[in-house]
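Look at the two complexes coming up: chain A is in both, with chain B in one and chain C in the other.
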Partner chain A sequence: MEKITEKIREIAKLALENGEVEKIIGWNKGDTFDDSYPVFITDVDDADSLIWDNFCVNNLSKYLIQQLKVSKKIGVFLKGCDSRGFSQIVKDNRIDRDKVVIYGLSCPGMIDPEKVKKEGLHKRLLSVKRSGNELIFIKKDGEQKASAEEFEYDKCLQCRYPNPVVYDQLLTEPVDREVKTLERFKDVENLEALSSEERSAYWVDQFSKCIRCNACRNICPACSCEKCVFDNEKADVSGKAKADSEEQFYHIIRAYHVAGRCVECGECSRVCPAGIPLHKLNSKIIKDINELYGDYDAGVDPSEEAPIGTYKLDDSDSFTEHGGEKK
Partner chain B sequence: MMKKILKNQFSQLFSMIDKSYELFLPIEKEGKVNFDLWQEGDKVNIEKLKTSISPKSVIFPQSETYLKFKRDGKKLELENVGGKKEDYVLFGVKHCDAKSFQILDNVFLEEPVDRLYEERREKGTIVSMACFNPEETCFCSSFGIEPETASKEVDVTTWDMGDSILWNPQTQKGEKLTEKIKDVLEDATEQDKSELNALQEDTKQKVKELPLANIDPTKITGELNDLFDSKIWEELSQRCLGCGSCTYVCPTCHCYDISDFKGDTSGERFRCWDSCMFSDFTLMAHGNIRKTQKERFRQRFMHKLVYYPNNHEGVYACVGCGRCVEKCPVHLDIVKVIKKLGGEK
Partner chain C sequence: MSIEAKEIEGINKNKFEPLIVAFCCNWCSYAGADLAGTSRLSYPANVKIIRVPCSCRVSENFVLRAFQRGADAVVIAGCHPGDCHYTSGNYHTRRRFSILMNFLEYMGIEKERFTVDWISAAEGHKFASVMNNALEKVHKLGPNRKLRDDRWKR
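Right after this comes the complex of A and B.
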């Protein structure tokens, strides 16, 4: 990853110097081992602060919506999952593809700081390096090695797109990783196996943990409305109360609004301070879409017709077929 | 006099408290620990250093209905509700969170006194637990907190000694609670006290070595207007998502909104936490004075680091708990702001 960091810096410098782009969006490193954060660079000298490491989990593509209002051309570093988010934002007509230069990064999987903490490895931890499938924890008092698989985000362990689906320049060798696709909908299947009462109780309990912070919405690449209905004081649904009915309403509306556009990046669950497994809602809808309209991965091929956004006469109509009853 | 309770008597202790008080404890559910009303069978976790959400939610609930109204023909019935009628014990509050209560007191207990808040504070007996294992995201020492010592702000202070806890009442409320649980108390020995001293010395050293130990807000000088016009707000706020996770996990944020649940003939008026990071926070009839995230972002940190200390004898509205450091989806937290403003030793 250090070599790629060098490459990132070179490319950023070059692109800024020769005026190919006005701004670069990448990652910088902060004080703690897991602190890799988004940064916007216009000055060539700042390019040396760019990094690529095991904690560059943030998708930088959503920033393009705002940044392209003030910059004509922007260079951005995108991982596999990020690139799907990017394509979806393009498909949703929120940005102009031609104003972006994409530097693609194949991703070995990002490391979950919560898992590091759970093992108690975060104490006196300076940094985490990766060599193949091995992680090296560099601590104040020595080094410790472990298998990367044990520390990757759950969402990364299930990633089907480690390599960017769209890019102008690929900075890495493609990653070839074995993915347990069979387990892709395991969480959903476990929920489907419950009775509707049990399922309802499960979600009522989960939503009751919500603290109304909107982090899930604001990180989501599919949530790109100019003004969200929940921020629109005229819509009469912009309440901030911690009340079950409002929490349920918010999450269900959001899940339906990103239906067919969710790129499965799992960021909603990652950022939730209350630990609600929000991605399961989206997973359920994706599974249903696949079963009803054929396999579809949002944000992979922008030319492909979106199943929810396109009406066909022979579309599956399970609701009418079953007379509104449960299948 | 310092007392001691063996941990294998905790279930008795909790049942005893539960007889005379409502009991709020750090309770673990699906891997997350938060303060909640204890019920027999709950998984109590006092080892976890930081609860996900701060215990401020006990003294200042996220949503609280305080007025109910009902229309009956031409008659309108109003009923004051809310506040707290039952005595309660909040057990296991860390030093940083205990200090945050004082920061909220400065706001809510000043004239005009907030009736709902005052009642909750009066009904509560706060039991703190000192901390011997600060985490990498902690920087309470930057705000003058010594996490291993007894917090002055609470009714009883305790120390986790492994197999037992040491118990030291500091107020009348604390003595009253101590009296109620005397059956599980024994006197702390000289050996307990010397073990405590050793743990405290060890903690002091750990605190000094933390990665954020060099944060020093007193180094932020500069005139208010210069700080307000600083370039850092534009630069830092660019990556702010405008969500409220920092605000809602923060033990010192205390802004709220007032709204109604409306029905045809009845309704409720409630207040609930609000966040200055939200786009509608300062929305008024004439428009919004904070139009972009830059102004909202600046407000949050100017409030904590400049306005609040200006109004409250130099006390900052941050206790260095580090929850925002852990929870911000894009690692944009008060530490980065303090550093940019020159607040480093």
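Right after this comes the complex of A and C.
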């Protein structure tokens, strides 16, 4: 990963110097081992602070919507999941593809700091290095090795697109990942197996933790509306009262609004300060769309029609006894 | 033919009077309701009809708000596929509410509380039977308290 960091800095410098791009969006390293935060660079000298490590999990594609309003051309580093978010934003006509230079990065899987903390490995930890499927925790008092699989984000263990689906320049060798496809909807199936009372209790409990910080909405590459319905005072949906129903309304409607456009980057669950498993909402909708209207991966093939917003004459449904025209 | 609320066995009318919100498309189902009325077919008074220009005008917000603020069941009725006044509205209804129905079930709302059906302007009988069926199902399930707004009072 150090080699790629060098490459990133080189490319950023070159692109800024010859005026190919006006701005670079990448990651910087903060004070703690897990702090890799997004950064916007316009000065060539700042390019030396760019990094690529095991914690560059933040999806940079969403920033393009705001930044392209003030910059003419932007270079951005995108992982596999980020590139799907990017494609979705382009498909939603929120940004102009020609104004962006994409530097693709194949992602071996990002490390979840929470899992590191759970194992107690974060104490006196300086940095984490990766070689293949092995992690090396470099501490003040020596090194410790571990299997990377144990520390990767759950969403990364399920990742089906580690390589960018769209890029102008690929900076790394493509990565090959083995994914247990059967486990893709395991969380959803576990919930579906419960009774409706248990499911209701589960979600009431989860949603009651919500503090309405809107982090899930702000990070989501599919939530790209100019003005969100939840910011519209006249729409009778922006209730901020501390009533459980308002939070339930917010999450159910938000998940439904991104139906057919969710790219499964799992950022909503990651950024949630209350730890609500929001991805389980989107997974359910994706599962249903796949079952009813055929397999569809948002943000992969822009020419493919989105399942919600289009129709076929012989569609199946879930409400008539015969299930629509088919079956 | 039709089942009136009082005829359903084991129901104490004083105890539980369900509220059913029915979104009816202006061109087919609302006219179907009209026909049910002029044909003197009986359908329950628990059904509150909201006329919408097309079944696909019904937003997921309406359905969820209805459940949160007093509805025990929600019915969406539109023209039969192929008969939409706006050519394609009910095809969108079919996709969107198939997804929403499964999603609300995932949230813990019983599937029986949410009905989507196609009722043409000539199907007064079907209108009455759909509404009677919806009422019968709600009577079996009892009042809905899931997703209910804490501030809601009847």
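To be clear about the criterion, the second predicted complex is superposed on the first by the 319 of 327 C-alpha atoms of A that agree within 3 Å, B and C clash if a C-alpha of one lies under 4 Å from a C-alpha of the other, contacts with A are read in each partner's own complex, and residues count from 1 in each chain.
One rule holds for everything that comes next: contacts are C-beta pairs under 8 Å (C-beta built on N, C-alpha and C of every residue); 3 or more make two chains touch, one makes a residue touch a chain.
The structure presented is a predicted model; accordingly, all values stated were derived computationally and were not measured.
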Put the two structures on top of each other at chain A: do chain B and chain C fit, or clash? fit
Touch check for A:Y293: first (chain B), second (chain C), both, or neither? second
Is A:G30 touching anything from chain B or chain C once the two structures are fitted on A? First, second, both or neither. first
Output check: A:R212 vs chain B and chain C. Expected answer is one of first, second, both, neither. What do you get? first
For A:K13, using the defined touch cut-off, is the partner it touches chain B, chain C, both, or neither? Pick first, second, both or neither. neither
Between chain B and chain C, whom does A:R261 touch in the aligned arrangement: first, second, both, or neither? neither
Given the touch rule stated above, what does A:A243 touch, chain B (first), chain C (second), both, or neither? both
Quick check on the superposed pair: does A:I252 touch chain B, chain C, both, or neither? Answer first, second, both or neither. second
After the superposition on chain A, what is the angle at the C-alpha centre of chain A formed with the C-alpha centres of chain B and chain C, rounded to the nearest 10 degrees? 90
What is the contact status of A:R84 with respect to chain B (first) and chain C (second): first, second, both, or neither? neither
Considering only the touch criterion stated at the top, classify A:D317 as touching first (chain B), second (chain C), both, or neither. second
Taking the superposed arrangement, what is the smallest distance in Å from a C-alpha atom of chain B to one of chain C? 7
Chain A residues contacted in one complex by chain B, in the other by chain C: 241, 243
Chain A to chain B touching residues, read off their complex: 30-33, 35-40, 58, 63, 67, 122-125, 140, 209, 211-215, 217-219, 231, 233, 238-243, 267, 270-271, 273-275
Chain C partner contacts - residues on chain A that touch it in the complex: 188, 191-192, 196-204, 229, 235-237, 241, 243-245, 248-249, 252-253, 255-256, 259, 281, 284-285, 288-289, 292-293, 307-309, 311-313, 315-320, 324-325
Once bound in the complex, which stretches of chain C touch chain A? 60-61, 64-65, 68, 81-82, 88, 91-92, 94-110, 114-117, 146-151
Chain A partner, complex, touching residues on chain B are 30-32, 52-53, 61-63, 135-137, 209, 211-212, 238-239, 241-245, 247-249, 257, 259, 261, 270, 272-275, 278-280, 283, 325, 327, 329-332, 335-336
